[in-house]
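Presented below are the structures under discussion, each in the form of structure tokens.
Each of the two complexes below includes chain A, the first together with chain B, the second together with chain C.
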Partner chain A sequence: MLDLAQNTLDGLALGASYSLLALGFTLIFGVLRRMNLSYGPAVLFGCYCATWTHLNFQAGLIALAVVTIAATVLAGAYVERLCFAPHRRGSAVAAMVASFALWMQIEEVAMLAMPRHIYPFPQLFEGAPLQFAGLSLPGDALVMLAATAAVCVLLHRLLYRSRFGLAVRAAIDNPLAASLAGIDLARTFVLVFALASAIGGLAGYLIVASHGQVTPMLGMWSTLKGLLAMMLGGLGSLPGAVLGGLALGLIEAHSQWFFGPQARDLVAYLLLFALLAARPAWMTRWTTIRSAS
Partner chain B sequence: MAALLSIQDLVTAYGKIEALKGVSLEVAEGSITCLLGPNGAGKTTLLFTTAGVLKPRSGTIRFAGKDIAGHPPHRIVRTGIALVPENRLVFPQMTVIENLRAGAYQRSGAGEIEADIDRLMQRFPRLRERAAQDAGTLSGGEQQMLAVARALMSRPKLLLMDEPSLGLAPLVVEEIFRIISDLHRDGTTILLVEQNAYMALQVAQHFYLIEQGKVTFSGDPGSLEQDEVIRRAYLGTARR
Partner chain C sequence: MDDYTIGVLTNVGLFSFLALSAYLLLVVGEMSFGQQAFFGVGAYAGGVLTALYGVSLPLAALGAMALGALAALAVGLPTLRLKGLYFAMSTLAAAEMARILFELLIFQKTVGGETVGPDGTQGFRGIRWVFERGVEPVEYLAIIYALLAAVLIALLLIERSRLGAVLRSVGSDSELASALGVNVGRLKLGVAAAAGALAALGGVLYAHHNTYIEPRNFDIMLGVHSLAYALIGGLGTALGPLVGVALDIGALEGSQVFGGTRMIVFGGLVAVLLILRPRGLLDERAVQWIKARFS
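Up next is the complex of A and B:
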């Protein structure tokens, strides 16, 4: 029973990192209706920039977080200009394929600049995990949970209580009507991209800071986990992305306990497969509600 | 009266196909000017080009003395033109109030915006009843009122209306035309595209007939009544 509770706690902490990644990924998909495969590589670029800063300047934790987020936003802006701005009215597939090309480009540049590929990254907490009621929770997991909760609250406030949020939701609901209402779509999309990249950068920072190292796999891993969580959450809904991320973390934690580490990803993919086979409409539930009305 | 909107030799194309082949027309300040013509004649294209959604290939669009041809939509809204699009296009997942706030996106001054929302709710009591409801749950007629109200939130000098009566029940159509007359009385200049020529000619002071991307006839509603040819060709489709 205690194991079950401990696994659930571990799964939630893991899931919180997926939720954070998925929020950035889903924000772009939900607003632009475009899939940004370069999302993860931009996060990788941000984390490598922070690693470089750490190696050369011995920067503190907060400075590294700022560098990661800023560099991820920069890489995101590059992707937006090259892949998404030119195809805003055009083909969604063209934008996705272009973002795949930039994935390769960003990853190659990052790996050429950082030839050892795997680098240590300063950890958020070195001490012993927190203990309560027989359960243990590492400090970085606690920070991850708190950061994800904080981003959810702030994002909700931003979307529902600000002028910018009004523009974003109008653009989601009906882009043509939004531009007729006087909303500058191009500007709104750029800002959404920057916001999504900043969330991705924060997620990437917290992930590498809790692992204590950064590897070139982070790029593909981030896009993959963000996409999986978004699919579990029903493609395009922000609350769905958060729940999807948490569900993915729980599935992974429990399947690792019951079936061993090799089965961990497999079980997650099998469950997603079962969901899509049994409920194909799950994937389009948000997109069709919008186009029907 | 002076022309608030003056369009000269406007050409707009989708790829190689010219939807407007050199259209010229004027909308007098304070008037309701009506644009008639069969489906596919280019009426919506003309409104979209004026509102900046489509870029013209050539020609000029002068509004209050300034050439606005090719400007992006958000700048054109700021200069004082608002389009009520065909099929209403409200924001379905936003509340009625949020739809109205979105219409005031280019304006500043929260107090004045809220006061305008209040005034429009007096004008459209049905919207007040549904203020906190998602716009997607409104009936067709209510959505049309919301679309008009949203456009008015930008305080336009010129209102472009694309088929406001489309798909609405006869009683609702009458209500929409009553609103159009009210707006006219309050001094709003209106360029109205309407399939329902019978109703449109009752409120308009001037009309243009567009066919295959060209203006083929223009005049005052009285003159049309006498012209049997045009009556047979174009009022035949009017839903009485």
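Up next is the complex of A and C:
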């Protein structure tokens, strides 16, 4: 019973990181209706820049977070210019394949600059995990949960209480009417992309800072986990992305405990496949960021 | 030809099967992230048949193709009615499941005093049917290209036929095609099965070329690459995917001019190319232009 509770707690903490990744992913998909495969690699680029800064300048934790987010946004802007701005009215497949091409590019640049398979990254917390009622929760997991909650609240405020949010929701509902009403669609999309990249950068920073290391696998890992969480929660819905991320974390934690590490991913994919094949109503109901608050 | 050139040309040929497999589905308007799974099924099935049971390669290839088609049907049956990204994601999930199952697959036998067979994450060593029969690399290259040529001729003939026109109509507007009396569901299933068999054929040849395969060979990277090859080369003709493969493996990797920066060059090239030609180099318009010119 205690194991079950502990696994649930671990799963939630893990799921919070997936939720954060999925939020950025979903923001891009929900607004642009385009899939950005380069999302994870941009996060990787941000984390590699921070690692480089750490190795050369011994920067502090906050400075590293800033570097990660800034570099992720920079990489995101590059991807947006080359893959999404030119294909805004064109083919979604072409945009996606172009973003895959830049994935290869970004990963290669990172690997050329820092060719080792693993780099140390300063840990967020070195101390012992918090203990209560026989359960333990590491400090970084707590930060991850808090950060995810904070991003959810801020994102909700931004989308439903600001002019920018109004523009974003108008662009989702009816791009043509929005542009006729004087909303600069290109600018809105660029800002959404930057916002999504910043959330991705934050997620990446928290993930590598809790692992205490960076590997080149982070790019593919982030894209796959973000995608999986987004799909589990329906497509393009922000609350769905958060729930999907938490669900994915819980599924992984429990199936790892019951069936072992290899079965963990198998169960997650099996569930996704079964859900897609069955297409329950809730997977399609939440398909957009709702325009009414 | 020196060994290096033969190696590059062999790889171009092998991955062309996979790119054609992705292309077939793109023609009917479906994007699959999972064709690498059938490539893997073919590689494993073919390897098991020749290395463990002493079946001859042509028979093993037929068996693997049948299995690839069956696997593609099993994935396609519940998913092909899904739209766009939902279908793409379900194929991705299926392919990753297949890769993990390869990791869990341990099936070994003692053949001639030696233990061979898939050994989970350790991979599958000793697929030596081709090697043991003294087939020279050049000869194997010729076999691959002969098979590829046969597949291409078949595909080009289909494209000229009524079936080709039906396939294109499903790809451009499946509802319209359905209203005109085309059984879209059955047609797509048939295309998926053919694409699965084609990928499996590539997989068998790949396994016997390398003599060693491991689950990592069939990960999502391979799948997205094949999709990219089909799209860069162009969706207008079955020759398109070959152009895509030749451009990446042949021209960039093969020339070795760019060394470690090949992916940077390739990535940038693809992104710019797709801005200029969103349906690839040999898109429908280019194909019509060429046809008008040379007929």
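Just so it is clear, the second predicted complex is superposed on the first by the 278 of 293 C-alpha atoms of A that agree within 3 Å, B and C clash if a C-alpha of one lies under 4 Å from a C-alpha of the other, contacts with A are read in each partner's own complex, and residues count from 1 in each chain.
As a working rule, a contact is a pair of C-beta atoms (placed from the backbone, for glycine too) under 8 Å apart; a residue touches a chain by one contact, two chains touch by 3 or more.
Just so it is clear, the structure is predicted and the values come from calculations on it, not from any experiment.
Novice: Quick one: classify A:R169 as touching chain B (first), chain C (second), both or neither.
Specialist: First partner only, chain B.
Novice: Which partner does A:V93 contact after superposing on A: first (chain B), second (chain C), both, neither?
Specialist: The second partner, chain C, only.
Novice: Who wins on chain A residues touched, chain B or chain C?
Specialist: C
Novice: Is A:L270 touching anything from chain B or chain C once the two structures are fitted on A? First, second, both or neither.
Specialist: After superposition on chain A, A:L270 lies in contact with chain C alone.
Novice: For A:Q58, using the defined touch cut-off, is the partner it touches chain B, chain C, both, or neither? Pick first, second, both or neither.
Specialist: Neither chain B nor chain C is touched by A:Q58.
Novice: Have a look at where A:I183 lands relative to chain B and chain C in the superposition and call it first, second, both or neither.
Specialist: The first partner, chain B, only.
Novice: Output check: A:L235 vs chain B and chain C. Expected answer is one of first, second, both, neither. What do you get?
Specialist: After superposing on A, A:L235 lies in contact with chain C but is clear of chain B.
Novice: Under the definition above, what is the set of chain A residues touching chain B in their complex?
Specialist: Within the complex, chain A touches chain B at residues 163, 166-167, 169-170, 172-174, 176-184, 289-290, 293.
Novice: What residues on chain B touch chain A, complex-wise?
Specialist: 51, 53, 72-74, 77-78, 82-83, 85, 89-94, 98, 101-103, 105-106, 136, 150-151, 154
Novice: Over in the complex, which chain C residues touch chain A? Could you list them?
Specialist: Checking each residue of chain C against chain A gives 26, 31, 78-79, 82, 84-86, 89-90, 92-94, 96-97, 100-101, 103-104, 220-221, 224, 227-228, 231-232, 260-264, 266-272, 274-275, 278-279.
Novice: Residue numbers of chain A touching chain C in their complex, please.
Specialist: 35, 37, 82-83, 86-87, 90-95, 97-98, 100-109, 112, 220, 224, 227, 231, 235, 262, 265-266, 269-270, 272-273, 276-277, 279
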